[in-house]
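You will see subunit A twice below: alongside subunit B first, and alongside subunit C after that.
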Partner chain A sequence: MSETSAWILRALFVAVLATLPFLVNGYWLNMAILALIYSLVVYSITVLTGFTGLLSFGQAGFVGLGGYTYGVLSVKGVDPAAAAAWGLLVPTVAGFLLGLPAARLRGHYLAIGTLGFGVLVGQMLNNMVDVTRGPMGLLGIKSFGFDRVTWFYFVLALAVGLCAALEYLDRRTFLGVVLKSVKYDEISASASGIGVFAVKLLAFSASAFLAGSCGVLLAAYMRFLTPDLFISAESFRYLMMSVVGGVGSASGAIISSLILTAVPEALRAFGETNVRLLVYGLMVLFVLWFLPGGIGGLIDRLMTPVRRRITPRPRVAEPAPQPTSLPGRAS
Partner chain B sequence: MSIPMLQLRGVSKRFGGIQALQNIDLVGQAGEVHGLIGPNGAGKSTLIGCITGVNRIDGGEIRLRGDRIEQLPVHRRARLGVARTFQKIRLAQQLTVFENVAAGLCAKRFATASGWRGVLAPLSSRAIAEPVEDALVATGIADLADEKVASLPYGKRHFVELARNLVAEPDVILLDEPATGLTDDEREHLSMLVRQMAERGTLVILVEHDLNLVGRLCDTVTVIEYGRRIFNGTPAEAQDDEAVVRAYLGSAKLAKEAQA
Partner chain C sequence: MTRRLETRDIFVNYGEVPGVKGVTLHVDQGEIIALLGANGAGKSTTLKALMGMVRPKSGAIVLDGGDVTGAPSYEAPRHGVALVPEGRRIFKRMTVRENLDVGGVTRQRAERPALLAHVYAMFPRLQERAEQLAGTLSGGEQQMLAIGRALMSKPDFILFDEPSLGLAPLVVANVMDAIGRISRDFGVGAILVEQNVEVALDVASRAYVLCRGEIVLEGESEKVRSDPALRAAYLGMTH
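Now for the complex of A and B:
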């Protein structure tokens, strides 16, 4: 697939999504909006795990912090824009603070550490009844005053724009190389002058920011929150979306969050039995069997890699190695 | 005499009960090719680790251009101009040659506090593409720029690592057995690169088992055995030094002499 046809496909994908409000009923439009909001938390995993190689089992914690910060402030009468700003700031700071110890952990230890954070936030939201109303749920959250179709286009623009930005960051910028160098080999990264710890802190903060933005949007869109929206099982659901999409591929992330949100709903045709979950689980397994790189891996395989042609510039034109003509400094 | 580029004084390193390095002195001048040789397990790679910061030393001092660096972490020393290759090549296998070499630019770009400002620069921008392409041309791997490192033969990976170092224009470059697994042609190309680096004023520290190569390239050699420095001088002197011959050139040579 050439670069041109890839652009046509991208445009087609966005165009099809943009016509959804005319094609589907309110129920499915609602699902599409939620899926696009959830794509933001999948992006947060793209940045953290996909680009930088840090595994987090606690992303739902950041989503919860963002959602409840917005929700609680909004209920207290804070202007939605200000509440949203706080809803982005609080999880970002939490991500930075979690990063301070977590960036020193690796592998399983990092996974368990972040899981602990997720559980902590979940429990906190449940038990701080005075602030969050706990299991009774937070009611009366104010929104941005959008109707449903506006919401759809708003989150669509956000999700597609972020997807493009992340793909660009990943493939085209120096920062992408810096992040991936840390992911693939920390020792050679630091020998090349990369401050591995600082990069990990940045990744944690950026990831928490993205997850927090997902929370803010969820709260503003649904206008009702309960702590069980942010339990650890949710973290694993996001992780599954990320894996099916291909960890590290933002394009895969948005497609996978759309599919993995739509399919369980479509499977309700089976009735409210567990058959639905069985089919869903099998489907995910099949994706992983046949597409180990996820949807993003498939996209990469279809793309023809760009080849650059490097011609030596005049001022660096160095002679080709001519072994025989070298003066030996015989000892 | 001017301040040496790199100066080690009394460097010691202990791993648990093993004294890996004891009281090592080493002086390297800008533009010098300095061989570091010794039998397997003598402590050569440990010493490289001490200079680059992977290993924290237990005693002594390391000075770069007169400033002590032994307390600095690895990435800070890299930013001050200390580059290295690894005995067991360390590259991002899943990234392309171009990306691996571009990562080498970090040492230069992050050397100043404002370095973070340029991180969003596209890889195709001149500030990045030009030095990377120059390094690829110099190391003879320009045609492999968009190959993944994982798909390259072993010898070529050495040159990717070299390009990654060269692109940062380091003041000190530590090559840990760079000729291992190279063909004769590649070995010659490596020799040429080492000479060019030295001509540009870089201090090259070469850890190598190929004594022929060491003899041809190095101005000075330091020989270590069991973590102690047993010799420092020119390669020619080293060949005549009894301790060196016994320790490193091995029993084979002594046996041959005994036969003669």
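Now for the complex of A and C:
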């Protein structure tokens, strides 16, 4: 695939999405909006786990903090723009604060630590009845005054724009290289002069910001929140979306969010029983079986010839590497 | 001014276990010193202390007469001290070019192209393979990359932790040759931690021999080479 056709494919993907309001009914458009909103929290995993190598089982906690901050303030009469700003700030600060201890943890310990954070937020939302109304749910959240089609284009622009920004960050910027170095070898990164702890704090904060923005949009779009939207099972659903999309691939993340939101809905043809979820689970397993790199891995594989073409080929006449021709001997 | 990096009577413990017991050594810019000793003698621990990866319980890490003990490891390249870690630890799933970019992270953006050109001139193979994943390089090339990465920070001192580990003898000779050239051409002071005593003494001008955390022998390479205490330090090593 040439560079040009890759761009045509990207444009085609966005164009097809952009025509959705003309193609599908309100129910499916609603699903598409939710899927695009959820792509933001999948991006938050792309940044944290995919780029920086930190595993979080508590992303729903950040989504919940963002959503409820926006929701509660909005119900109290705060202007939606100000409420949204707070809804972004609170999870970001929480991400930073969680990062202070969590950035010192690795592997399983980090996973359990973040899981604890997710559970903590879920419990708080459930039990701080005076503020959140707990299990009764938060009603009367004000929105941005968009109609459904405007909402669709708004979240589409956000999701596609962020996707492009993250792909750019990952492939073309120095920060992308720095994040990768922390993911692959902390000791070497640190010895090279990278403040690993600071980078991890940045990743936690940025990730929490993205997850929080997902929460704000959910609250503003649905105008009704309950704590069980933000339980730990949701964190695992986001992780599943991320893994199917290929952790670390923003393009994979948005596609996977769309597919994994659409499929269980389409499977309602099987009725409302759990058979639907069984089929869904099997499908996910099969995707991972045949595409271990997820959707993003598949995209990369299709794109590889492009990269080979833009990279100068090694000189044809070059002999196979010989130890004696190593640079050390050259002088 | 010639810069000097030194440890002054450092003690490092791993929990209750003493790793290094009162090591005092120094390296000047432009010279290569060898740090020798058997497994567990405290060579790598001394390097880690110099890099700020472990904090000495007592004693000091001194750079140009100033105390830098306890400075975090990511500050070391900013002070002009770079590490070529044991086992190379290159970023295998990143390209050669990206590996070098990480090495230059402490330098100004405008400085990096010139540094990159330096490294490529020294190791042309790295330029040929710039867009290749570093994990696909041969062992020798990976070691060159690790050295190139260290050079990207424009260091005055490079700490080499077992650079000959796992390499074929011919490749080891190349690596040692490169270390010698770096020291000569760029005026870099090098500490060479090695198990391979002979090649290390060939390239170094002075040597320290560690045994169970203490320096048991130090001096000019040629004197150290013929000293029976060197053999004794490697108890069980008979040739």
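Keep this in mind: the second predicted complex is superposed on the first by the 304 of 331 C-alpha atoms of A that agree within 3 Å, B and C clash if a C-alpha of one lies under 4 Å from a C-alpha of the other, contacts with A are read in each partner's own complex, and residues count from 1 in each chain.
Simple rule for what comes next: contacts are C-beta pairs under 8 Å (C-beta built on N, C-alpha and C of every residue); 3 or more make two chains touch, one makes a residue touch a chain.
Note that the structure is a prediction, hence the values are computed from the model and not measured.
In the superposition on chain A, A:175 makes contact with subunit B only, not with subunit C.
Of the two partners subunit B and subunit C, more residues of subunit A are touched by B. By the touch criterion stated above, A:184 is placed in contact with subunit B and with subunit C alike. When the two complexes are overlaid on their common chain A, residue A:158 makes contact with neither subunit B nor subunit C. Shared-chain residue A:93: touches no atom of subunit B or subunit C. Once chain A of one complex is fitted onto chain A of the other, the partner contacts of A:119 are absent, as it touches neither subunit B nor subunit C. In the superposition on chain A, the residues of subunit A contacted by subunit B and by subunit C overlap at 174, 177-178, 180-181, 184-185, 187-196, 307, 318, 321, 323, 326, 328-331. By the touch rule above, subunit B contacts subunit A in their complex via residues 52, 54, 73-75, 78-79, 83-84, 86, 90-95, 98-100, 102-111, 118-124, 128, 130, 133-134, 136-138, 140, 142-143, 145-146, 164, 168, 184-185, 188-189, 191-192, 196, 215-217, 234-236, 239. Those residues of subunit A that touch subunit B in the shared complex are 169, 172-178, 180-181, 183-185, 187-196, 305-308, 310, 312-313, 316, 318, 320-321, 323, 326, 328-331. Residues of subunit C touching subunit A in their complex: 51, 53, 72-78, 82-83, 85, 89-94, 98, 101-103, 105-106, 109, 122-126, 128, 131, 138, 140-141, 144, 149, 153, 168, 170-171, 173-178, 181. Residue ranges on subunit A touching subunit C, taken from their complex, read 174, 177-178, 180-181, 184-185, 187-196, 307, 311, 314, 318, 321, 323-331.
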